[in-house]
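Each in structure tokens, the structures are laid out below.
Two complexes are shown next, each including chain A; its partner changes from chain B in the first to chain C in the second.
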Partner chain A sequence: MNPLELTLGIMTAVGGFVDISQLVFSAQAGSRFGFALIAAFAISTIGIIVFGEMCGRVAAVARQPVFSLMRHRLGLKLGLFTLAVSLASTLITCAAEIGGLGMILNHLTGAPYLPMCIASTLLLMASMWILPFKWIERTYGLLGLFMIVFVVALVAIHPPWAKIAGGFVPQVPHGLSTKELLSYSYFIVAIFSAVMFPYEAYFYSSGGIEEEWGPKDLLTNRVTSVVGMGLGSLLSIAILALGALLFAPALVAPEVPGSAALETAIPLGKAGLLFALLGMFFAVAGAAVETCMANAYSISQFFGWEWGRHKKPWEAPRFTVAWIAAMLLALLIVMTGVQVMNLVDYAVVSSIVVLPLSYLPLMLLANDKSYMGQYANKWLAKGLGWLFFVIVTVTAIAAVPLYLLTSGGAA
Partner chain B sequence: MRSLGQVKIVSQLLDLQIIDKDERSCGVVDDIELGGSPGKEMRVEALLVGPGAYEGRMPAWLFWLTRKIAGDRMARVPVDQITEIGSVVKLKSKAEELGLHEVEDKVRAWIPREGAI
Partner chain C sequence: MRRILLLLLSLAACSKGPQADLPYISQARSLAAEWALVNEQASAGKLTQTYVETMRKELRQELDTSGKALSQPHSAYAREIDALLKQPGDASPADLREHARALKTIEDSLESA
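Up next, the complex of A and B:
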């Protein structure tokens, strides 16, 4: 197995886990609730590994992307509904990523926010036009690894490892008021949503087809989903732990994405800050590319258009128009002046609401022996699949009331 | 490959991806044209592809909206063009010969052919 093949999983994970929502919620979770929410990251990581692996396996065995098979399974009407809600939630997520890029560039250069949003959108579109799929995933996946500076910073401050390990046990911190308990619950919902964004599944399975996966690549699929998602989770937990150790005692509330970068500046100085901002820029840029492409993949696969960025842009013309339109629409949302933090909240709430609708057909496909033959889900994948389906359904039902009751976790 | 006689028409064919002889995506089976008459054998005559084929498959208001956005074009693919039915429908001709790439080709004309590696 070529180590470079791992970049698909790494990009999906670094650009999926450590997107703008993750940066915000990891640092805030640590500063407000200590290590208690590590368990939410750990459990949802197992969830995205289970679904990611299933997605890759379906793509490799059926050699058809998930949205094509989903339309066949759900039919036109329910399929169109799933497509519409998934496009809307992914578009909002893409807008949140572009806003995040504007903020990070604003921190890095001091230039105004909105021009930086426009500049980063043009930069991403240029890279998507010029580079074929393999180089897109490698560029953003590997440059996003600057984020490892957060793990280095955590090790550098000699953290209480036993207490961090204790965070892996699901718990409710003592002494929370009713309002704080509701906020804690909202954070659990937001973390599950940000870790298990539906666009990750669409991007990952389409990426497998772009890379021409077949049944011989099932081991690669398994390794990339575990290593990639595991790495993303490790980075998020490092950001959370740094927030708990550095921000909480100083009563700092990391309200904007840039605050997370300060976690590295404390132990590692200017170099740490620079590495963190660069890592954040490339990870969030990867997420923006993923969300934009996930929308173009979904719509193209649903209607049976030519698709894929292993082809030249003019060889898949409607797919090309779709990703350009998705990116420009997301920029337009940012240009209306809506706050990045509001976009992040809308992204996690809308994504968790559509999550069960995206994952149920996928699981049914992976269970179906007529599509999957000997590679259909066995007892472990079936059991975990249904368990996480129940978890995400409960989370989806709770999401909107919790968002309203806590004003997006602020209460 | 399954023969057409074994196919459960609606569940097997509807909403399946279509691939032409060059392995290019060229639409989805949006509806099916059946032939025959009461008391006689029903046969699949053609696959219908394009938003015009949605009419009987969605509420009137949604079809009206779809027609406003995507038009009502519809291509007819005779059943003898099918070579295989599996996780996709494979055709023996090129998409262009069956009128399945008209929009793709129109849009292609607007895409600059420069700059991509």
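Up next, the complex of A and C:
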């Protein structure tokens, strides 16, 4: 195991973990329900670690990306349905990220929102065209580490650590009305969805194949999944805790993505604000690249086209057209004028619906000794895998009714 | 599943009046409180001028959207939102918090109704 490779892998995972949905839901969750939803972040982080590690292992041993498995395991009809829903939800997520980039650049430069969305899309496309796969990952992942300013801000305000630790215990806050209870449930669903977005699995497993992982890379995969996702989750929990301590007493339930940056400005001033906005920009840009590439990977793998950023663009022409089209379509959605916060809501609801169908084939293959040999899931991975499959299935069933009943958590 | 969804959609469509406006009132209360926080931090020199101006513009736009979405445009809460929209960008945090508290009172009374 190359220590440099490992360090970069961890840092990349940390930087790419927080996207626009997590920025919004973390700050809102803290301001509305105090520390109570920390447990939802902690449990869903274990979920993404379990599935992320499984994705990487399947990619390294069976060399099978998620959508190739899906077609074989789910059959053509159900596979096509999953592909269609997944393409739609990932496209909406990509649009939310591009809208988020436009807003962050607007706060940084003062330039108008829509031109900033166009500029960020062109910048992302140029970087995806020019940079090799590894450097796309590293650039956005490493620069996203500016987000650590949220942890610094939390430490700076001397928070009540015991109360924060209490948030890791699953709980329902006392005295909630029925409406508030429904909103609380919607937030749990939204947090699970935002942490366990299916595109992360598509991107991670395809990335493993792009980087030609083999069994020798399994330790790197495990450590990257556990430490990287764990530290990424720490950032989200810091944003939540700052929301609980700084926003809730001021009656603020942040309504726009740029609000999260205020959490760092209050204790750290202008420097904190700028670090937060830069970190948010690169983390969200990383998520935009991941969603765009995830769509190109999905469609190419499902139909058996040549794919991969390790190939020259003209060596995998349909894959190249797919990622360019995904990015431009996402920009088009933003240009219709739909609000970023609405896109965030649609993204989390549609993603959680497709989640069980994305993970089931992967887990079945990871359990299968005829494919995976000695690297097949052992009792712990099997147990956790099934447990999280049940959890995401229940949340997927509850997502749409909760969204409608609570007007996207607002009620 | 389809029946349940149709039932939920029709329930959502049937609810009108102050109760249906509750999400917009909460949103407006939060926006007013956030505007106050931005102005307070700006006067303490903790924010860049660009951030302050873009946040004020965005918060005002969101407030405008909330106000237009109300089903009871002549209600007390609609008047509060109108009064907020008439405030200058650099309004004093105390004034803005006053509006936020008024909206919170209305919100609480509707929630307990």
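Worth pointing out:
Keep this in mind: the second predicted complex is superposed on the first by the 397 of 411 C-alpha atoms of A that agree within 3 Å, B and C clash if a C-alpha of one lies under 4 Å from a C-alpha of the other, contacts with A are read in each partner's own complex, and residues count from 1 in each chain.
Following the convention adopted for this analysis, a contact is a pair of C-beta atoms (placed from the backbone, for glycine too) under 8 Å apart; a residue touches a chain by one contact, two chains touch by 3 or more.
Remember, predicted model here, so these are calculated numbers, not experimental data.
Of the two partner chains, chain C is the only one touched by A:262; chain B is not. By the touch criterion defined above, A:129 lies against chain B but remains apart from chain C after alignment on the C-alpha atoms of chain A. Of the two partner chains, neither chain B nor chain C is touched by A:353. By the touch criterion defined above, A:270 reaches chain C but does not reach chain B. By the touch criterion defined above, A:119 reaches neither chain B nor chain C.
With both structures placed on the common chain, the touch criterion links A:107 to chain C but leaves chain B unconnected.
In the superposition on chain A, A:46 contacts neither chain B nor chain C.
When the shared chain is aligned, chain C comes close enough to touch A:252, but chain B does not.
Against chain B, the residues of chain A that register as touching in their complex are 62-64, 68-69, 71-72, 75-77, 79-80, 129-132, 135, 300-307, 312-314, 317-318, 320-321, 371.
Those residues of chain C lying in contact with chain A across their complex are 4-5, 8-9, 12, 22-23, 26-27, 29-31, 33-34, 36-38, 41, 45-48, 50-51, 53-55, 58-59, 62, 65, 97, 100-101, 104, 111. Across the interface of their complex, chain A is touched by residues 14-18, 24-28, 30, 49, 54, 57-58, 62, 87-88, 103-104, 107-108, 110-113, 115-117 of chain B. Chain A meets chain C in the complex at residues 103, 106-110, 177, 179, 247, 250-256, 258-259, 261-262, 265-266, 269-270, 273-274, 277, 339, 400-401, 404-405, 407, 410-411.
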